[in-house]
Amino acid sequence: MLYFLDLIGVAVFAISGALAGLNRGLDLFGVTVLAAVTAIGGGTLRDVLLHRDPIFWVGAPSYIYTILAAVILALFGHSFFADLEQPMLIADALGLGLFAISGAQVAEEQKRAAVVVVLMGTITGVAGGVIRDLLSGVVPVLLRRDIYASAAAIGVVVYLISQALRLRRTSAFIVSASTIVLLRLIALRYGLQLPNAKSLGF
Amino acid sequence: MLYFLDLIGVAVFAISGALAGLNRGLDLFGVTVLAAVTAIGGGTLRDVLLHRDPIFWVGAPSYIYTILAAVILALFGHSFFADLEQPMLIADALGLGLFAISGAQVAEEQKRAAVVVVLMGTITGVAGGVIRDLLSGVVPVLLRRDIYASAAAIGVVVYLISQALRLRRTSAFIVSASTIVLLRLIALRYGLQLPNAKSLGF
Amino acid sequence: MLYFLDLIGVAVFAISGALAGLNRGLDLFGVTVLAAVTAIGGGTLRDVLLHRDPIFWVGAPSYIYTILAAVILALFGHSFFADLEQPMLIADALGLGLFAISGAQVAEEQKRAAVVVVLMGTITGVAGGVIRDLLSGVVPVLLRRDIYASAAAIGVVVYLISQALRLRRTSAFIVSASTIVLLRLIALRYGLQLPNAKSLGF
(Lines give C-alpha, C1' and ligand atoms only; values in the text may rest on other atoms or scores of the structure.)
Protein backbone atom coordinates (compact mmCIF):
# COMPACT_ATOMS: atom_id res chain seq x y z
CA MET A 1 0.00 0.00 0.00
CA LEU A 2 2.73 2.45 1.04
CA TYR A 3 4.70 1.16 -1.95
CA PHE A 4 1.86 1.87 -4.33
CA LEU A 5 1.23 5.38 -2.98
CA ASP A 6 4.94 6.15 -3.06
CA LEU A 7 4.94 5.08 -6.71
CA ILE A 8 2.12 7.51 -7.56
CA GLY A 9 3.87 10.25 -5.57
CA VAL A 10 7.07 9.59 -7.49
CA ALA A 11 5.18 9.77 -10.79
CA VAL A 12 3.45 13.10 -10.12
CA PHE A 13 6.55 14.70 -8.62
CA ALA A 14 8.61 13.45 -11.59
CA ILE A 15 6.13 15.08 -13.95
CA SER A 16 6.29 18.33 -11.97
CA GLY A 17 10.10 18.24 -12.04
CA ALA A 18 10.23 17.40 -15.75
CA LEU A 19 7.84 20.24 -16.59
CA ALA A 20 10.03 22.61 -14.57
CA GLY A 21 13.04 21.47 -16.59
CA LEU A 22 11.23 21.79 -19.92
CA ASN A 23 10.07 25.25 -18.88
CA ARG A 24 13.72 26.27 -18.43
CA GLY A 25 14.85 24.84 -21.78
CA LEU A 26 17.15 22.20 -20.27
CA ASP A 27 18.44 19.35 -22.41
CA LEU A 28 16.77 15.94 -22.09
CA PHE A 29 19.28 14.71 -19.55
CA GLY A 30 18.82 17.80 -17.38
CA VAL A 31 15.05 17.37 -17.58
CA THR A 32 15.41 13.77 -16.39
CA VAL A 33 17.75 14.81 -13.56
CA LEU A 34 15.29 17.45 -12.31
CA ALA A 35 12.46 14.92 -12.57
CA ALA A 36 14.41 12.31 -10.60
CA VAL A 37 15.63 14.70 -7.93
CA THR A 38 12.14 16.09 -7.35
CA ALA A 39 10.62 12.62 -7.31
CA ILE A 40 13.01 10.73 -5.05
CA GLY A 41 14.78 13.53 -3.10
CA GLY A 42 12.26 13.70 -0.26
CA GLY A 43 11.87 9.97 0.25
CA THR A 44 15.63 9.47 0.01
CA LEU A 45 16.29 12.03 2.75
CA ARG A 46 13.56 10.39 4.86
CA ASP A 47 15.14 6.96 4.43
CA VAL A 48 18.64 8.28 5.20
CA LEU A 49 17.41 10.08 8.34
CA LEU A 50 15.48 7.00 9.52
CA HIS A 51 18.30 4.60 8.57
CA ARG A 52 16.07 2.49 6.33
CA ASP A 53 18.08 -0.07 4.45
CA PRO A 54 17.83 -0.22 1.49
CA ILE A 55 16.79 3.30 0.46
CA PHE A 56 13.41 2.78 -1.23
CA TRP A 57 14.52 3.20 -4.85
CA VAL A 58 17.85 1.40 -4.39
CA GLY A 59 15.92 -1.76 -3.51
CA ALA A 60 13.20 -1.35 -6.13
CA PRO A 61 14.17 -0.23 -9.66
CA SER A 62 10.49 0.24 -10.54
CA TYR A 63 10.74 3.74 -9.08
CA ILE A 64 13.37 4.67 -11.63
CA TYR A 65 11.35 3.22 -14.50
CA THR A 66 8.39 5.24 -13.24
CA ILE A 67 10.49 8.41 -13.44
CA LEU A 68 11.60 7.61 -16.98
CA ALA A 69 7.99 6.96 -18.00
CA ALA A 70 6.92 10.23 -16.36
CA VAL A 71 9.57 12.16 -18.30
CA ILE A 72 8.35 10.72 -21.59
CA LEU A 73 4.77 11.52 -20.60
CA ALA A 74 5.73 15.11 -19.74
CA LEU A 75 7.63 15.43 -23.02
CA PHE A 76 4.68 14.36 -25.14
CA GLY A 77 2.10 15.93 -22.86
CA HIS A 78 3.49 19.42 -22.48
CA SER A 79 2.81 20.45 -26.05
CA PHE A 80 -0.92 20.06 -25.33
CA PHE A 81 -0.78 22.79 -22.73
CA ALA A 82 -0.39 26.42 -23.70
CA ASP A 83 1.11 27.13 -20.27
CA LEU A 84 3.00 24.63 -18.11
CA GLU A 85 2.55 26.55 -14.86
CA GLN A 86 -0.92 25.24 -13.99
CA PRO A 87 -0.48 21.46 -14.54
CA MET A 88 2.93 21.62 -12.84
CA LEU A 89 1.47 23.19 -9.70
CA ILE A 90 -1.37 20.68 -9.53
CA ALA A 91 0.98 17.69 -9.96
CA ASP A 92 3.18 19.22 -7.30
CA ALA A 93 0.32 19.66 -4.80
CA LEU A 94 -0.70 16.04 -5.32
CA GLY A 95 2.86 14.81 -4.77
CA LEU A 96 3.17 16.93 -1.64
CA GLY A 97 0.06 15.37 -0.12
CA LEU A 98 0.99 11.79 -0.96
CA PHE A 99 4.63 12.08 0.15
CA ALA A 100 3.98 13.96 3.38
CA ILE A 101 1.55 11.37 4.69
CA SER A 102 3.49 8.35 3.46
CA GLY A 103 6.62 9.83 5.05
CA ALA A 104 4.72 10.34 8.29
CA GLN A 105 3.57 6.71 8.18
CA VAL A 106 7.14 5.47 7.87
CA ALA A 107 8.17 7.46 10.97
CA GLU A 108 5.02 6.26 12.74
CA GLU A 109 5.96 2.63 12.06
CA GLN A 110 9.26 3.30 13.82
CA LYS A 111 7.22 4.57 16.81
CA ARG A 112 8.81 8.02 16.74
CA ALA A 113 7.47 10.92 18.83
CA ALA A 114 4.57 12.87 17.27
CA VAL A 115 6.70 15.95 16.62
CA VAL A 116 9.28 13.79 14.80
CA VAL A 117 6.49 12.24 12.71
CA VAL A 118 5.31 15.72 11.70
CA LEU A 119 8.84 16.79 10.83
CA MET A 120 9.58 13.64 8.88
CA GLY A 121 6.33 13.88 6.90
CA THR A 122 7.08 17.50 6.05
CA ILE A 123 10.67 16.69 5.04
CA THR A 124 9.52 13.82 2.81
CA GLY A 125 7.01 16.14 1.18
CA VAL A 126 9.22 19.15 0.54
CA ALA A 127 12.86 18.02 0.30
CA GLY A 128 12.66 16.90 -3.33
CA GLY A 129 11.31 20.29 -4.38
CA VAL A 130 13.91 22.08 -2.29
CA ILE A 131 16.77 20.15 -3.93
CA ARG A 132 15.20 20.83 -7.35
CA ASP A 133 15.10 24.56 -6.54
CA LEU A 134 18.70 24.57 -5.23
CA LEU A 135 19.95 22.84 -8.39
CA SER A 136 17.98 25.27 -10.57
CA GLY A 137 19.27 28.33 -8.73
CA VAL A 138 15.75 29.31 -7.68
CA VAL A 139 14.88 30.57 -4.15
CA PRO A 140 13.64 27.35 -2.53
CA VAL A 141 9.88 27.02 -2.19
CA LEU A 142 10.54 26.56 1.54
CA LEU A 143 11.53 30.18 2.01
CA ARG A 144 9.03 31.81 -0.28
CA ARG A 145 6.00 33.11 1.54
CA ASP A 146 3.82 30.43 0.00
CA ILE A 147 1.76 28.02 2.06
CA TYR A 148 3.66 24.91 1.05
CA ALA A 149 5.65 23.15 3.75
CA SER A 150 3.15 24.49 6.28
CA ALA A 151 0.34 22.75 4.37
CA ALA A 152 2.30 19.49 4.64
CA ALA A 153 2.87 19.97 8.38
CA ILE A 154 -0.81 20.73 9.00
CA GLY A 155 -1.81 17.66 6.99
CA VAL A 156 0.38 15.40 9.10
CA VAL A 157 -1.16 16.87 12.26
CA VAL A 158 -4.60 16.08 10.78
CA TYR A 159 -3.33 12.55 10.12
CA LEU A 160 -2.20 12.12 13.73
CA ILE A 161 -5.52 13.47 15.04
CA SER A 162 -7.41 11.10 12.72
CA GLN A 163 -5.40 8.22 14.11
CA ALA A 164 -6.07 9.36 17.69
CA LEU A 165 -9.77 9.42 16.80
CA ARG A 166 -9.36 5.80 15.67
CA LEU A 167 -10.11 6.37 12.00
CA ARG A 168 -8.89 3.48 9.89
CA ARG A 169 -5.40 4.02 8.50
CA THR A 170 -6.61 4.26 4.89
CA SER A 171 -9.31 6.78 5.77
CA ALA A 172 -6.83 8.80 7.81
CA PHE A 173 -4.50 8.79 4.82
CA ILE A 174 -7.17 10.00 2.41
CA VAL A 175 -8.50 12.69 4.74
CA SER A 176 -5.08 14.12 5.59
CA ALA A 177 -3.52 13.91 2.11
CA SER A 178 -6.62 15.62 0.69
CA THR A 179 -6.29 18.32 3.35
CA ILE A 180 -2.77 19.07 2.10
CA VAL A 181 -3.75 19.15 -1.58
CA LEU A 182 -6.77 21.37 -0.85
CA LEU A 183 -4.83 23.75 1.42
CA ARG A 184 -2.16 24.07 -1.23
CA LEU A 185 -4.57 24.66 -4.12
CA ILE A 186 -6.68 27.14 -2.12
CA ALA A 187 -3.53 29.03 -1.09
CA LEU A 188 -2.43 29.17 -4.73
CA ARG A 189 -5.88 30.22 -5.98
CA TYR A 190 -6.28 33.06 -3.50
CA GLY A 191 -2.62 33.97 -3.07
CA LEU A 192 -2.74 33.23 0.67
CA GLN A 193 0.46 33.76 2.66
CA LEU A 194 1.62 33.13 6.18
CA PRO A 195 2.22 36.27 8.24
CA ASN A 196 5.79 37.37 8.91
CA ALA A 197 7.03 38.82 12.20
CA LYS A 198 6.44 42.42 11.15
CA SER A 199 2.83 41.88 10.16
CA LEU A 200 2.21 40.23 13.56
CA GLY A 201 3.60 43.30 15.31
CA PHE A 202 6.80 41.70 16.58
CA MET B 1 26.88 15.59 29.12
CA LEU B 2 27.26 15.48 25.34
CA TYR B 3 23.45 15.50 25.22
CA PHE B 4 23.27 18.63 27.37
CA LEU B 5 25.93 20.51 25.37
CA ASP B 6 24.28 19.49 22.10
CA LEU B 7 21.04 20.92 23.46
CA ILE B 8 22.69 24.29 24.21
CA GLY B 9 24.37 24.25 20.79
CA VAL B 10 21.01 23.56 19.16
CA ALA B 11 19.42 26.45 21.09
CA VAL B 12 22.03 29.08 20.17
CA PHE B 13 22.25 27.97 16.54
CA ALA B 14 18.45 27.97 16.34
CA ILE B 15 18.41 31.56 17.63
CA SER B 16 21.08 32.55 15.11
CA GLY B 17 19.08 30.91 12.31
CA ALA B 18 15.80 32.47 13.43
CA LEU B 19 17.37 35.95 13.60
CA ALA B 20 18.75 35.45 10.08
CA GLY B 21 15.24 34.56 8.91
CA LEU B 22 13.63 37.53 10.70
CA ASN B 23 16.29 39.79 9.20
CA ARG B 24 15.20 38.69 5.73
CA GLY B 25 11.48 39.20 6.43
CA LEU B 26 10.55 35.51 6.04
CA ASP B 27 7.18 34.27 7.26
CA LEU B 28 7.02 32.45 10.61
CA PHE B 29 7.31 29.04 9.00
CA GLY B 30 10.35 30.07 6.99
CA VAL B 31 11.95 31.48 10.15
CA THR B 32 11.38 28.15 11.91
CA VAL B 33 12.80 26.22 8.96
CA LEU B 34 15.99 28.32 8.92
CA ALA B 35 16.28 27.95 12.70
CA ALA B 36 15.89 24.16 12.50
CA VAL B 37 18.25 23.72 9.57
CA THR B 38 20.96 25.81 11.21
CA ALA B 39 20.48 24.03 14.52
CA ILE B 40 20.38 20.39 13.48
CA GLY B 41 22.05 20.42 10.04
CA GLY B 42 25.60 19.93 11.28
CA GLY B 43 24.80 17.23 13.82
CA THR B 44 22.58 15.45 11.34
CA LEU B 45 25.34 15.31 8.73
CA ARG B 46 27.76 14.07 11.42
CA ASP B 47 25.36 11.31 12.46
CA VAL B 48 24.71 10.28 8.84
CA LEU B 49 28.45 10.18 8.05
CA LEU B 50 29.20 8.20 11.22
CA HIS B 51 26.17 5.91 10.76
CA ARG B 52 24.76 6.73 14.19
CA ASP B 53 21.32 5.21 14.62
CA PRO B 54 19.08 6.96 15.48
CA ILE B 55 20.08 10.44 14.26
CA PHE B 56 20.24 12.51 17.47
CA TRP B 57 16.99 14.46 17.04
CA VAL B 58 15.05 11.53 15.56
CA GLY B 59 15.53 9.67 18.83
CA ALA B 60 15.00 12.65 21.14
CA PRO B 61 12.17 15.09 20.35
CA SER B 62 13.48 17.49 23.02
CA TYR B 63 15.78 18.94 20.35
CA ILE B 64 12.81 19.97 18.26
CA TYR B 65 11.03 21.51 21.24
CA THR B 66 14.25 23.42 21.96
CA ILE B 67 14.20 24.82 18.43
CA LEU B 68 10.55 25.88 18.75
CA ALA B 69 11.32 27.58 22.08
CA ALA B 70 14.35 29.32 20.54
CA VAL B 71 12.22 30.64 17.68
CA ILE B 72 9.70 32.12 20.13
CA LEU B 73 12.57 33.61 22.15
CA ALA B 74 14.08 35.15 19.01
CA LEU B 75 10.68 36.50 18.00
CA PHE B 76 10.08 38.29 21.28
CA GLY B 77 13.73 39.13 21.83
CA HIS B 78 14.63 40.67 18.50
CA SER B 79 12.55 43.81 19.03
CA PHE B 80 14.83 44.70 21.94
CA PHE B 81 17.80 44.97 19.65
CA ALA B 82 18.17 47.87 17.25
CA ASP B 83 20.37 45.69 15.06
CA LEU B 84 20.20 41.91 14.78
CA GLU B 85 23.68 41.51 13.32
CA GLN B 86 25.63 41.58 16.59
CA PRO B 87 23.60 39.10 18.73
CA MET B 88 23.29 36.77 15.75
CA LEU B 89 27.05 36.62 15.26
CA ILE B 90 27.69 35.97 18.96
CA ALA B 91 25.09 33.19 19.14
CA ASP B 92 26.62 31.74 16.02
CA ALA B 93 30.18 31.78 17.42
CA LEU B 94 28.95 30.03 20.56
CA GLY B 95 27.15 27.37 18.55
CA LEU B 96 30.22 26.84 16.39
CA GLY B 97 32.41 26.18 19.44
CA LEU B 98 29.97 23.81 21.13
CA PHE B 99 29.13 21.82 18.01
CA ALA B 100 32.66 21.48 16.69
CA ILE B 101 33.96 19.95 19.91
CA SER B 102 30.91 17.78 20.58
CA GLY B 103 31.15 16.55 16.98
CA ALA B 104 34.83 15.77 17.50
CA GLN B 105 33.99 13.82 20.66
CA VAL B 106 31.50 11.66 18.79
CA ALA B 107 34.15 10.76 16.20
CA GLU B 108 36.67 10.21 19.00
CA GLU B 109 34.33 7.73 20.68
CA GLN B 110 34.32 5.75 17.43
CA LYS B 111 38.14 5.71 17.62
CA ARG B 112 38.56 7.46 14.26
CA ALA B 113 41.95 8.78 13.08
CA ALA B 114 42.88 12.28 14.33
CA VAL B 115 42.44 13.87 10.91
CA VAL B 116 38.94 12.36 10.65
CA VAL B 117 38.11 13.72 14.13
CA VAL B 118 39.19 17.22 13.02
CA LEU B 119 37.14 16.96 9.84
CA MET B 120 34.07 15.64 11.64
CA GLY B 121 34.24 18.36 14.29
CA THR B 122 34.52 21.02 11.61
CA ILE B 123 31.65 19.55 9.61
CA THR B 124 29.42 19.37 12.71
CA GLY B 125 30.23 23.00 13.45
CA VAL B 126 29.74 24.50 10.01
CA ALA B 127 27.32 22.32 8.01
CA GLY B 128 24.17 23.79 9.57
CA GLY B 129 25.26 27.30 8.65
CA VAL B 130 26.25 26.20 5.16
CA ILE B 131 22.82 24.63 4.53
CA ARG B 132 21.17 27.79 5.94
CA ASP B 133 23.23 29.90 3.52
CA LEU B 134 22.46 27.63 0.56
CA LEU B 135 18.72 27.77 1.28
CA SER B 136 18.89 31.56 1.67
CA GLY B 137 20.79 32.01 -1.59
CA VAL B 138 23.75 33.57 0.25
CA VAL B 139 27.40 32.70 -0.56
CA PRO B 140 28.13 30.06 2.11
CA VAL B 141 30.15 31.25 5.10
CA LEU B 142 32.56 28.44 4.17
CA LEU B 143 33.77 30.22 1.06
CA ARG B 144 33.84 33.78 2.35
CA ARG B 145 37.26 34.84 3.46
CA ASP B 146 36.16 34.84 7.10
CA ILE B 147 37.90 32.84 9.77
CA TYR B 148 35.01 30.52 10.49
CA ALA B 149 35.49 26.87 9.58
CA SER B 150 39.21 27.34 10.15
CA ALA B 151 38.48 28.47 13.74
CA ALA B 152 36.53 25.24 14.24
CA ALA B 153 39.35 23.13 12.81
CA ILE B 154 41.96 24.85 14.99
CA GLY B 155 39.75 24.34 18.06
CA VAL B 156 39.48 20.62 17.43
CA VAL B 157 43.27 20.41 17.07
CA VAL B 158 43.54 22.20 20.44
CA TYR B 159 41.10 19.63 21.83
CA LEU B 160 43.19 16.71 20.56
CA ILE B 161 46.39 18.26 21.98
CA SER B 162 44.66 18.82 25.34
CA GLN B 163 43.67 15.16 25.36
CA ALA B 164 47.24 14.12 24.49
CA LEU B 165 48.42 16.26 27.42
CA ARG B 166 46.00 14.25 29.58
CA LEU B 167 43.69 17.12 30.47
CA ARG B 168 40.38 15.85 31.76
CA ARG B 169 37.72 15.58 29.06
CA THR B 170 35.60 18.39 30.47
CA SER B 171 38.57 20.75 30.78
CA ALA B 172 39.67 19.89 27.26
CA PHE B 173 36.15 20.65 26.07
CA ILE B 174 36.03 24.04 27.79
CA VAL B 175 39.53 25.07 26.65
CA SER B 176 38.99 24.11 23.01
CA ALA B 177 35.41 25.36 22.64
CA SER B 178 36.48 28.69 24.16
CA THR B 179 39.38 28.84 21.70
CA ILE B 180 36.92 28.60 18.82
CA VAL B 181 34.55 31.24 20.22
CA LEU B 182 37.44 33.62 20.95
CA LEU B 183 39.12 33.09 17.57
CA ARG B 184 35.83 33.73 15.84
CA LEU B 185 34.99 36.87 17.84
CA ILE B 186 38.52 38.30 17.49
CA ALA B 187 38.44 37.64 13.74
CA LEU B 188 35.08 39.41 13.50
CA ARG B 189 36.21 42.35 15.67
CA TYR B 190 39.42 43.01 13.75
CA GLY B 191 38.24 41.81 10.34
CA LEU B 192 40.96 39.15 10.17
CA GLN B 193 41.14 36.99 7.06
CA LEU B 194 43.10 34.00 5.91
CA PRO B 195 45.57 34.67 3.10
CA ASN B 196 44.73 33.52 -0.41
CA ALA B 197 47.20 32.04 -2.86
CA LYS B 198 48.01 35.37 -4.49
CA SER B 199 48.86 37.13 -1.23
CA LEU B 200 51.21 34.25 -0.38
CA GLY B 201 53.02 34.72 -3.66
CA PHE B 202 51.85 31.49 -5.33
CA MET C 1 42.04 -2.32 -6.50
CA LEU C 2 38.84 -0.32 -5.97
CA TYR C 3 40.65 1.38 -3.09
CA PHE C 4 43.57 2.35 -5.31
CA LEU C 5 41.38 3.68 -8.12
CA ASP C 6 39.26 5.60 -5.64
CA LEU C 7 42.46 7.16 -4.33
CA ILE C 8 43.49 8.34 -7.83
CA GLY C 9 39.96 9.60 -8.44
CA VAL C 10 40.09 11.53 -5.17
CA ALA C 11 43.47 13.04 -6.14
CA VAL C 12 42.41 14.28 -9.59
CA PHE C 13 39.05 15.57 -8.38
CA ALA C 14 40.80 17.33 -5.47
CA ILE C 15 43.14 19.03 -7.93
CA SER C 16 40.19 20.06 -10.10
CA GLY C 17 38.37 21.45 -7.02
CA ALA C 18 41.48 23.25 -5.74
CA LEU C 19 42.10 24.86 -9.14
CA ALA C 20 38.48 26.02 -9.20
CA GLY C 21 38.99 27.60 -5.76
CA LEU C 22 42.29 29.25 -6.77
CA ASN C 23 40.60 30.54 -9.90
CA ARG C 24 38.03 32.30 -7.74
CA GLY C 25 40.61 33.81 -5.37
CA LEU C 26 39.42 31.91 -2.29
CA ASP C 27 41.60 31.76 0.82
CA LEU C 28 43.63 28.61 1.45
CA PHE C 29 40.97 27.10 3.68
CA GLY C 30 38.26 27.71 1.10
CA VAL C 31 40.46 26.14 -1.59
CA THR C 32 40.90 23.05 0.59
CA VAL C 33 37.17 22.86 1.28
CA LEU C 34 36.32 22.99 -2.44
CA ALA C 35 39.00 20.37 -3.14
CA ALA C 36 37.65 18.06 -0.42
CA VAL C 37 34.00 18.48 -1.38
CA THR C 38 34.72 17.81 -5.05
CA ALA C 39 36.90 14.83 -4.20
CA ILE C 40 34.79 12.98 -1.65
CA GLY C 41 31.28 14.35 -2.27
CA GLY C 42 30.29 11.77 -4.87
CA GLY C 43 31.68 8.74 -3.06
CA THR C 44 30.18 9.93 0.21
CA LEU C 45 26.71 10.21 -1.29
CA ARG C 46 27.15 6.75 -2.88
CA ASP C 47 28.14 5.25 0.48
CA VAL C 48 25.26 6.95 2.30
CA LEU C 49 22.75 5.77 -0.32
CA LEU C 50 24.12 2.21 -0.23
CA HIS C 51 24.43 2.19 3.58
CA ARG C 52 28.13 1.31 3.50
CA ASP C 53 29.63 1.48 6.96
CA PRO C 54 32.06 3.14 7.39
CA ILE C 55 31.88 5.81 4.69
CA PHE C 56 35.07 5.26 2.66
CA TRP C 57 37.08 8.23 3.97
CA VAL C 58 35.81 7.93 7.57
CA GLY C 59 37.45 4.52 7.77
CA ALA C 60 40.63 5.42 5.86
CA PRO C 61 42.33 8.76 6.62
CA SER C 62 44.65 8.27 3.61
CA TYR C 63 41.93 9.86 1.47
CA ILE C 64 42.16 13.06 3.47
CA TYR C 65 45.95 13.11 3.26
CA THR C 66 45.61 12.63 -0.49
CA ILE C 67 43.39 15.70 -0.67
CA LEU C 68 45.84 17.79 1.35
CA ALA C 69 48.70 16.67 -0.91
CA ALA C 70 46.62 17.48 -4.00
CA VAL C 71 45.93 20.99 -2.68
CA ILE C 72 49.67 21.61 -2.17
CA LEU C 73 50.35 20.25 -5.66
CA ALA C 74 47.70 22.51 -7.16
CA LEU C 75 49.11 25.48 -5.25
CA PHE C 76 52.65 25.01 -6.54
CA GLY C 77 51.54 23.72 -9.93
CA HIS C 78 49.08 26.38 -10.96
CA SER C 79 51.68 29.09 -11.46
CA PHE C 80 53.14 26.99 -14.29
CA PHE C 81 49.96 27.28 -16.27
CA ALA C 82 48.98 30.54 -17.95
CA ASP C 83 45.36 29.43 -17.81
CA LEU C 84 43.83 27.07 -15.25
CA GLU C 85 40.78 26.19 -17.33
CA GLN C 86 42.41 23.46 -19.47
CA PRO C 87 44.19 21.37 -16.78
CA MET C 88 41.15 21.66 -14.53
CA LEU C 89 38.84 20.26 -17.18
CA ILE C 90 41.17 17.36 -17.96
CA ALA C 91 41.59 16.45 -14.27
CA ASP C 92 37.83 16.64 -13.95
CA ALA C 93 37.18 14.34 -16.92
CA LEU C 94 39.60 11.79 -15.49
CA GLY C 95 37.94 11.91 -12.06
CA LEU C 96 34.53 11.53 -13.67
CA GLY C 97 35.59 8.36 -15.48
CA LEU C 98 37.25 6.75 -12.47
CA PHE C 99 34.50 7.59 -9.99
CA ALA C 100 31.58 6.64 -12.22
CA ILE C 101 32.88 3.13 -12.85
CA SER C 102 34.12 2.53 -9.30
CA GLY C 103 30.73 3.72 -8.02
CA ALA C 104 29.02 1.34 -10.43
CA GLN C 105 31.19 -1.53 -9.17
CA VAL C 106 30.18 -0.85 -5.56
CA ALA C 107 26.49 -1.04 -6.51
CA GLU C 108 27.23 -4.14 -8.61
CA GLU C 109 28.80 -5.88 -5.60
CA GLN C 110 25.53 -5.31 -3.74
CA LYS C 111 23.77 -7.05 -6.66
CA ARG C 112 21.56 -4.06 -7.44
CA ALA C 113 19.42 -3.85 -10.59
CA ALA C 114 21.23 -2.60 -13.73
CA VAL C 115 19.36 0.70 -13.76
CA VAL C 116 20.35 1.31 -10.11
CA VAL C 117 23.98 0.52 -10.99
CA VAL C 118 23.87 3.12 -13.79
CA LEU C 119 22.30 5.70 -11.49
CA MET C 120 24.75 5.02 -8.67
CA GLY C 121 27.76 5.25 -10.99
CA THR C 122 26.51 8.53 -12.38
CA ILE C 123 25.82 9.92 -8.90
CA THR C 124 29.28 8.91 -7.69
CA GLY C 125 30.80 10.63 -10.71
CA VAL C 126 28.90 13.90 -10.63
CA ALA C 127 27.73 14.60 -7.07
CA GLY C 128 31.06 16.03 -5.90
CA GLY C 129 31.10 18.53 -8.74
CA VAL C 130 27.46 19.41 -8.15
CA ILE C 131 28.10 20.16 -4.46
CA ARG C 132 31.19 22.19 -5.44
CA ASP C 133 29.03 24.20 -7.87
CA LEU C 134 26.26 24.72 -5.30
CA LEU C 135 28.74 25.97 -2.70
CA SER C 136 30.35 28.27 -5.27
CA GLY C 137 27.03 29.72 -6.39
CA VAL C 138 27.55 28.43 -9.95
CA VAL C 139 24.79 26.78 -12.02
CA PRO C 140 25.54 23.09 -11.41
CA VAL C 141 27.30 21.29 -14.22
CA LEU C 142 24.36 18.88 -14.14
CA LEU C 143 21.96 21.42 -15.59
CA ARG C 144 24.26 23.09 -18.07
CA ARG C 145 23.83 21.72 -21.58
CA ASP C 146 27.22 20.03 -21.41
CA ILE C 147 27.71 16.33 -21.99
CA TYR C 148 28.87 15.52 -18.47
CA ALA C 149 26.58 13.35 -16.38
CA SER C 150 25.34 11.77 -19.61
CA ALA C 151 28.92 10.74 -20.44
CA ALA C 152 29.11 9.04 -17.02
CA ALA C 153 25.80 7.25 -17.56
CA ILE C 154 26.84 6.04 -21.03
CA GLY C 155 30.15 4.81 -19.62
CA VAL C 156 28.42 2.74 -16.96
CA VAL C 157 26.18 1.20 -19.64
CA VAL C 158 29.34 0.32 -21.60
CA TYR C 159 30.70 -1.24 -18.40
CA LEU C 160 27.59 -3.37 -17.92
CA ILE C 161 27.68 -4.48 -21.57
CA SER C 162 31.38 -5.37 -21.23
CA GLN C 163 30.53 -7.47 -18.20
CA ALA C 164 27.70 -9.17 -20.07
CA LEU C 165 30.18 -9.92 -22.87
CA ARG C 166 32.34 -11.57 -20.19
CA LEU C 167 35.25 -9.16 -20.40
CA ARG C 168 37.46 -9.39 -17.33
CA ARG C 169 36.57 -6.86 -14.67
CA THR C 170 39.79 -4.87 -15.10
CA SER C 171 39.41 -4.68 -18.87
CA ALA C 172 35.78 -3.66 -18.51
CA PHE C 173 36.88 -0.94 -16.08
CA ILE C 174 39.52 0.42 -18.46
CA VAL C 175 37.28 0.33 -21.53
CA SER C 176 34.33 2.02 -19.83
CA ALA C 177 36.28 4.64 -17.85
CA SER C 178 38.17 5.57 -21.03
CA THR C 179 34.85 5.89 -22.85
CA ILE C 180 33.73 8.47 -20.30
CA VAL C 181 36.97 10.47 -20.43
CA LEU C 182 36.98 10.45 -24.24
CA LEU C 183 33.29 11.37 -24.53
CA ARG C 184 33.83 14.23 -22.13
CA LEU C 185 36.94 15.57 -23.83
CA ILE C 186 35.45 15.25 -27.32
CA ALA C 187 32.30 17.04 -26.15
CA LEU C 188 34.46 19.83 -24.67
CA ARG C 189 36.66 20.06 -27.77
CA TYR C 190 33.80 20.31 -30.23
CA GLY C 191 31.28 22.01 -27.97
CA LEU C 192 28.81 19.12 -28.32
CA GLN C 193 25.51 19.43 -26.52
CA LEU C 194 22.51 17.23 -25.91
CA PRO C 195 19.32 18.33 -27.66
CA ASN C 196 16.56 19.97 -25.64
CA ALA C 197 12.86 19.34 -26.14
CA LYS C 198 12.39 22.27 -28.52
CA SER C 199 15.18 21.20 -30.87
CA LEU C 200 13.63 17.72 -31.02
CA GLY C 201 10.31 19.23 -32.05
CA PHE C 202 8.41 18.48 -28.83
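Here the chain labels run A, B and C in written order, and each chain numbers its own residues starting at 1.
Just so it is clear, contacts are C-beta pairs under 8 Å (C-beta built on N, C-alpha and C of every residue); 3 or more make two chains touch, one makes a residue touch a chain.
Please read these numbers as outputs of a predicted model, since none were measured by experiment.
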* Chain copies touching (chain A, chain B) - same or different residues, decided at half shared -> different
* For chain A placed onto chain C, the superposition rotation in degrees, Cα atoms, nearest 5 -> 120
* **CA centroid of chain A to CA centroid of chain B, Å** => 29
* Return the residues of chain C touching two or more other chains; collapse runs of consecutive numbers into ranges. => 48, 51, 134
* Structure fact -> Given the complex, residues on chain B that touch chain A span 22, 25-31, 33-34, 36, 44, 48, 51, 53-55, 57-58, 61, 64-65, 75-76, 78-79, 134-137
* Using the touch definition up top, name the residues of chain B that touch chain C in the complex. => 48-51, 112-116, 119-120, 130, 134, 139-140, 142-145, 149-150, 153, 193-198, 200, 202
